[in-house]
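Below you'll find a set of structures to go through.
One chain, chain A, links the two complexes that follow: it is found with chain B in the first and with chain C in the second.
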Partner chain A sequence: MINQTVKNLFFKEFASYFKTPLGYVFLVIFLFGIGYLTFEPGRGSFFYMREASMTSFFKYIPWMFLFLIPAVSMRLWSEERKSGTVELLLTMPVTVKQAVLAKFFASWAFIGLALLGTFPMIITVTYLGKPDYGVIFLGYLASFLIAGSLLAVGGFFSALTKNQVISFILTVCVSFLLLMAGSPPILDFISSFSPKYVVDLFESLSVLNHFDSIERGVFSLSNIWFFSVMISFWLFGNIILLDENKAN
Partner chain B sequence: MLEVRSLSKKFGDFQAVNDVSFTLKKGEVLGFLGPNGAGKSTTMKMITGFLEPTSGDATICGKSVQVEPLSARKDLGYVPENAPLYEDMYVREFLYFIAKMREVFNDKIEEAINKVIKMCSLENVEYQKLETLSKGYKRRVSLAQSLIHDPKVLILDEPTDGLDPNQKHDVRELIKELAKEKCILISTHILEEVEEVCDRCIIIGEGEKLFEGTPAELKSKSAKGRIQDVFRAITKGEHLEGVAI
Partner chain C sequence: MNKQKENYLKVILGLFSMTLLIYIGSTLFKKVRIDFTEERLYTLSNGTKSILNKLDSPINLKLYYSKTAANKGTEGLRAFNNHFLYVQELLRQFVSNSRNNLKLEVIDPRPDTPEEEDAVMYGLKKFNLTETERYFFGLVAENESGTEKIIEFFDPNQKDKLEYELTKLIYTVLNPQKKNIGILSSIDVLVDDLNPYMAQIMRMQGKDVNQSWLVTQLLSEFYNVKKIEKDTKSISGVDSLVIIHPTGFSDDTLFAIDQYVLNGGNVLVFTDPNTVSLKSSSMYGTSSSPDNNFKKLMDKWGIELQENSYAGDRYLSGYGRFHPNRPPGRLLALLNCNEVCTEQYNDNITSGINDAAFVFPGVLKAKSIEGVKHSVIMSTSNKGNAYRAQGYELNNPDILWKKFTEGSSPVVIAYKAMGKFKTAYPNGTKKKEKKNNKQFLKESKKESVVIVFSDVDFISDQFAFKNTFLGASVANDNSTLFLNSVEAISGDMDLMSVRSKGRVNRSFDVINEIEFEAEKRTADKVKEINASIARFQSELNQLGSKANAGNIALLQNEGIKKKKELAKNIAALKKELRNVKREGREKVERIGKFFQYFNTMFVPFFVIVFGIYYNYKRSSLMQGRREIINHKKDSHHTENFTEVKA
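The block that comes next holds the complex of A and B.
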C-alpha cells in the first residue's frame, strides 16, 4: 500500500544508521544514559520510589531526547545538500514529500529501535513486583510520540542549513521551548503581558504536558491529535523549506 | 526526444540563464560549451527538474518536466556536476539502491548492475566503499548510476572532468556507443572532445545562447582551423586574427 519508492528510500536511510559509528554511539549513550539516570541515587530515583513502575525511567526520556535526537536529525538533509547528493536523489522519480517522509520515518524507526533496547527495564520491574503493563505501554507510546515530534523539528532545521552544528543547536533550542512551553516560569512570564487565551495556547503547545498525561496513563484522543498536528506541521515546513532551498 | 523551450533562470536580480532553446533527437550528441559561470549546469538542472525555471519548459520524450515531473524523469539519466555519491555505500550496494529507486524490475536488477559495471569498467572496485575510490572511479560510478535504467535521454555535466587520458578515451568511446540508442547532452570544457563525440554543439555565455551548429562549422570559422580561437572570439566578443564570426 505504501509507495514502493518511499519504502526503498526508507530502508536505505534506516540502514545508513548502522554504516557510520554515529548510530552505535547514539544507542550506547542512550541506553547507558537512561539506565544511569533511572537508577541514579537521588530523589525520584527508581529505588527511592519503592514501587514496581517505570515512572522514574519515563521521567528522564524527554531530557535524554532533547540532546540525542538533534544529533540524529541534524544530518538528515544538511549532509545531502552539502555533498550534493540531494541533486541525485531529487532527480530520480521521487517527490520532495516522499523523500521527506521516507527519511523522517527511517529516523523514527531508528529511535523506536533504541526504545526497544530498553526492554531490560520491563524485565526488572516484572521481577521486582507486579507492574501495570498498560501504563508501561502508554509510557513507551508517549516516548515514541515525543521522539517523532522532536525528529520532525530536527528535520526542519536540517533542511534550513547545510551546517550540521547550527542545525543541532537550533533544534535543541526549539525543542527546549516546546518542552517547556507549559512550565510555570514560562507561563508566568507570558501572563505578565498577554491575555489569558495566549497563555492557554502556550500551555496547550507544551509537548511535556501531553507527554506527562499519556505517561501517567491518562490517554485521550486530544493527545494523539496534538502529536499528529505537531509532527505534520514540522514535516510540512520541512517540505516547503527543502523545495525552496534544495539548490542553494 | 529532448526539447528545451526558452528556459530562463533568475537568481534574485542575476540572470543566470536567458531564453535558451534547442532540441535533441535520438542518436544525437549535443555538446554544451561555455566559459565558467555561463549557465551550463543551471540549464541542465532545469532540464532534469531539479531547479524550477523562472520561465520556459523542457520536455523529455514528450513529457513536460514541469507538468509531469515523475514520468518525465523516468526516461532520464543524469550525472550531476562533480558526481556526488552516497560515500558511505559500497559500489554494488549503491547501484542496487539506484536501480530500486529507478524502478528496475527486481529480477532484472542483477543483470542491469552487471551490465553497467562492465560498461563503465568498474570490475576492479565493485565491492569497494565509494569514499575510498579515486576521483576517476567516482565519476565512472556516477556515469554507471545514470545508465542503470537504460534511459532514453542522458544529461552529463562534465563527465570527463578529472579523468586520466585513457579513461577519457574510454568514456568517449562509451558515449559514442550509447549515442546510437539515446540522445545525449554533454557539457565540457575540452574542445577536442566536442570534435570527437558531438554531432552538434551549443556555446553559451552569460546565460545566452551564442552559437549553435556542427563542430565542423565551428572549426571552419577559423582560417587556421583552431576551435579554441573561435570559442574565444565568440564568448569574449573580441576580434581575433583569422577568425570570422
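The block that comes next holds the complex of A and C.
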C-alpha cells in the first residue's frame, strides 16, 4: 500500500506545478512547439505527407523532451537543497526513497498531462483519414516511457547539485548521449577504438532505438525491461545521493 | 572507506550493472512481443510458419544494407532506414520460427571491401551515390548444396508483399527447379513464332502473321511454357495450367482439366463475356467464353460468369474513344483498376497493382460449395454495378452509360477458389468409353486452387503493351497481374496462403474528396470550353457552306463577329475554370491552416486561461486568508489594549 504521506507529497508536488508560472510555461511551450514542428512547412510536415498517422508528431517528441524535461527536473531537488527545505522535508515521517518516488511520479504525471494535451492531434488524424489507433497508443506509451527515463536522469542530476542551471546542463548532456547512443556517428566513433561487443553494448543503451521500436507498432518485453532498468537505476542513484546529503 | 566514497562506488557499480542488465535484457527478451499494428505487419502468417517448419537443412540469409552510405546520403535515402528496420525485424521473425535452420547476417558493404565485391557478385542492385560510395539493399539466401537465390532490391513500395517475397525466396531455395506451365487456349496465344524478318516480309505482303501473345513470351522468361492442345486427352507434366478463353474444347479435354484439378493441379482461367481483342469478333457479334461445356466445370468450382452482363464503375471508367471519328470521353467499358479494386482483399496477386485496364470485364458470382473457400481478388469499387448489354449496344458508349446505374456494393471480376472439388463428370466422359476410364477421380485427392478472371482482353498485346520506338513495352500493370497470377498458382499451397499484409489506405480522405470534386468540376468546365469551340466550328462550317460571290463579304463579317463572341465566351469560361481550381486549392489550404491552429493554439489557450483563473482564485483566497488573519490580529490587539486600559 502506498503510504498516505507519500500520496500527500505526490499531490503537493503535482499541484506545485500549477502554483508557479513555470508549469504553465512548460505546457504552453511544449504544446505549441510540438504542434508547430508537426505542421512546420517542409517535406516531413504532417500535411505534406498526407498520411493519417502520427509519425510526423512522434518523431519530434524525444527532441522536445531533450530540453523541456531537464527544465522540469532541475527544480526537483536543487531548489529544495538550495533553499534548505530538503532538510525540513526529510525530517517528516517519510523516507528518502518515498520522497524520491513521490517527486518523480508527480513530475511524470505532469508530463503525462502535457502529453494528454496533444489530443487535438488524434482528432485531426481521425477527421482526415483512417489512422491505426494501436500504433498511436504505442506512440504515446513510448513518449511517456522516454519521459520517465529522462526525468529519472534529471532527478539524479538535480540531487547532485544545488545549482539548477548546472543540473539542467548536465541532464541535457546525458539525455543527448542516451538519445544518440545508437546513432551511426557515435557508433562509428566507438568502433574506431573498441571491439564489437562494446559497440553493441553502447547501442543497446540507446533510448531512441527503443522509442522507435515501440513507435513502429511492436511492443516487446525488451522495451519494458530497458525503460524499467533505466528508470530504476537513475532513481536508485538519486536516493543514494540524497542519503549522502542527509548524512552530511 | 567513508560513507561518501561508498556511495560513489554504489553509483558507479549501479551504472555498470544497468548497462549489463540492459544489454542482457535486450538480447533475451527481444522475442516476447506484441504486434499492435492493424495490418499485423510484424506477425508471420500460418503459411510462412508452415514452410519454415518444413526446413530441415540450414539456409544462410545475408541481408546487405549500406547503412553508412544511407546515413551520409540525402534525406530520401535516409528514409530507407525505416524500411530496412522493418525488413530486418521481419527476417528476425523468420529466424526465430525456423527451428535454428535460418541464420541471418546483416552486412553493411563499405566501398572496396570483400563484402561489396560479394554483393556485386551475387547480383544485388547497385546504386552509385558518389564516385566511391555505392548503395545496396538486397538479400541473398543460400543453402548447403550451393543453391542461392536473391532479392536484388527491397522496394519500400512493396512493403505489403514483403513477407510473401521472403517466404517465396526460401521456398525457391528449397525447390530451385524451373516450373512447367501449360497453356490451353481456344485462341492462338502460343504459336511457333516466325523469325522477325519473315514476319516483316509477310506483313508487307499484307498477310496475317500469327505471333504468340507477348504475355506468353514474358512468361517463358520465368517458366518452361508448354502448349496444351485443344483436343488433348490428358494433362500431365505441367505444374500449373493456364486456360485462356475456354470455348470449343472437346469432351476429353474438359475431362482432362477436371481430373487435373482433382489431382491437386492449380488452374488459372481467363473468361470473357466479350473478347474485343479477337480479330474474329464481328461488328455486332461478340466472342464470349466460357461455353456451356466449360460452365459445367466452373459450376463445380463454384464460380459463374453471368451472361451478357458487365462490370462497370463510373469512378474507375477509363478515358478514350470507341471509334477514331468519335470524340474521346469516359468509357464505361474500360475499367481502370487502381488500389480501390484490390486493397480490401489483401491478395498477393494484386499487391502493387494500381493500374490495370480491363475491357468489358464480366461479372463473377460465387456459390458456396462444401470444402471450397472462395475469396475475391479484384472488384469494382462500392459504387460499381453490373449492367446488361448486347449486340450493337456494346459499340455505343452513350447507350452503355444510359444503362448504367450507380451501385452500392462491389462487382467481382476475379475470384479464387481453394479447397477440394468434386468432378463434373461423375459418369466419365462418354458411356461407351466408360470402361476405359474407370480409374478417374470423383473428388479431389488433395487441395488445389482455381483462379478465374472475367476478362481476356487485359492480357492481350493490344491492352497490356504499347509500341515504342524500341519495340513493345508494358503499358500498365496488366502483364504484372498476369505474371503474379501464374506465380500464385505455381507455388506451394502454403505459399499461396501467405496473404499480402495489405495496405490500409491512410491517405487524407477528406482532402482527396475535395480534390476529386475540384477535378470533376474542372473537367466539366474543360468539356464546356471544348463544346463551345466545336459549336463555333460547326457554325462557321455552316456559314461557309452558304457562301457565294454575293454574300461572301457579309458572311466574313458574320464569321468575325462569331469569333469575337466565342473568344469572349472562352475567356469567361477560362476565368471560371481558374476560379474552380483556386477554390479547390484554397479549400485544402484552409483545412490545413485550421488544423495547424487547432494543434498549436487550442490547448495552450486553455492552459493560459486556466492558469490565469486558477492563480487569480488562489491569490484571492490567500488575500482573504491574510485579511482574516490580520483581522484576528487586530481584534486581539484591541482586546489587549482595552484590558490594559481597564
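Throughout what follows, the second predicted complex is superposed on the first by the 245 of 248 C-alpha atoms of A that agree within 3 Å, B and C clash if a C-alpha of one lies under 4 Å from a C-alpha of the other, contacts with A are read in each partner's own complex, and residues count from 1 in each chain.
One rule holds for everything that comes next: a residue touches a chain if its C-beta (ideal position, glycine included) is under 8 Å from a C-beta of that chain, and two chains touch if they have at least 3 such contacts.
These numbers were taken from a predicted model, which means no experiment stands behind them.
Comparing chain B with chain C, the partner in contact with more residues of chain A is C. Once the two complexes are overlaid on the shared chain, A:Leu241 sits against chain C while remaining clear of chain B. When the two complexes are overlaid on their common chain A, residue A:Lys19 makes contact with chain B and with chain C alike.
In the superposition on chain A, no contact is made by A:Lys196 with either chain B or chain C. Shared-chain residue A:Asp212: touches chain C; no touch with chain B. Once the two complexes are overlaid on the shared chain, A:Gly117 sits against chain C while remaining clear of chain B. By the document's definition of touching, of the two partners only chain B reaches A:Thr95; chain C does not.
In the superposition on chain A, A:Ser83 makes contact with chain B only, while chain C stays out of contact range. In the superposed model, A:Phe39 makes contact with chain C only, not with chain B.
For the contact definition in use here, the residues of chain A common to its chain B contact set and its chain C contact set are 19, 247.
Interface of chain A with chain B (complex): residues 4-5, 8-9, 12, 16, 19-20, 83-85, 87-88, 90-95, 246-247. Residue ranges on chain A touching chain C, taken from their complex, read 18-19, 21, 24, 27-28, 31-32, 35-36, 38-39, 43, 47, 50-53, 117-121, 123-124, 127-135, 137-138, 184-185, 188, 200-201, 204-205, 212, 216-222, 224-226, 229-230, 233, 236-237, 240-241, 243-244, 247. The touching residues of chain B, counted against chain A in their complex, run 45, 48-51, 69-71, 73-74, 76, 78, 80-82, 84-89, 97-98, 100-103, 145. Within the complex, the chain C residues that touch chain A are 3-4, 7, 10-11, 14-15, 17-19, 21-23, 25-39, 41-42, 67-68, 71, 75, 82, 85-86, 89, 504-511, 592, 595-596, 598-604, 607-608, 611, 614-615, 618.
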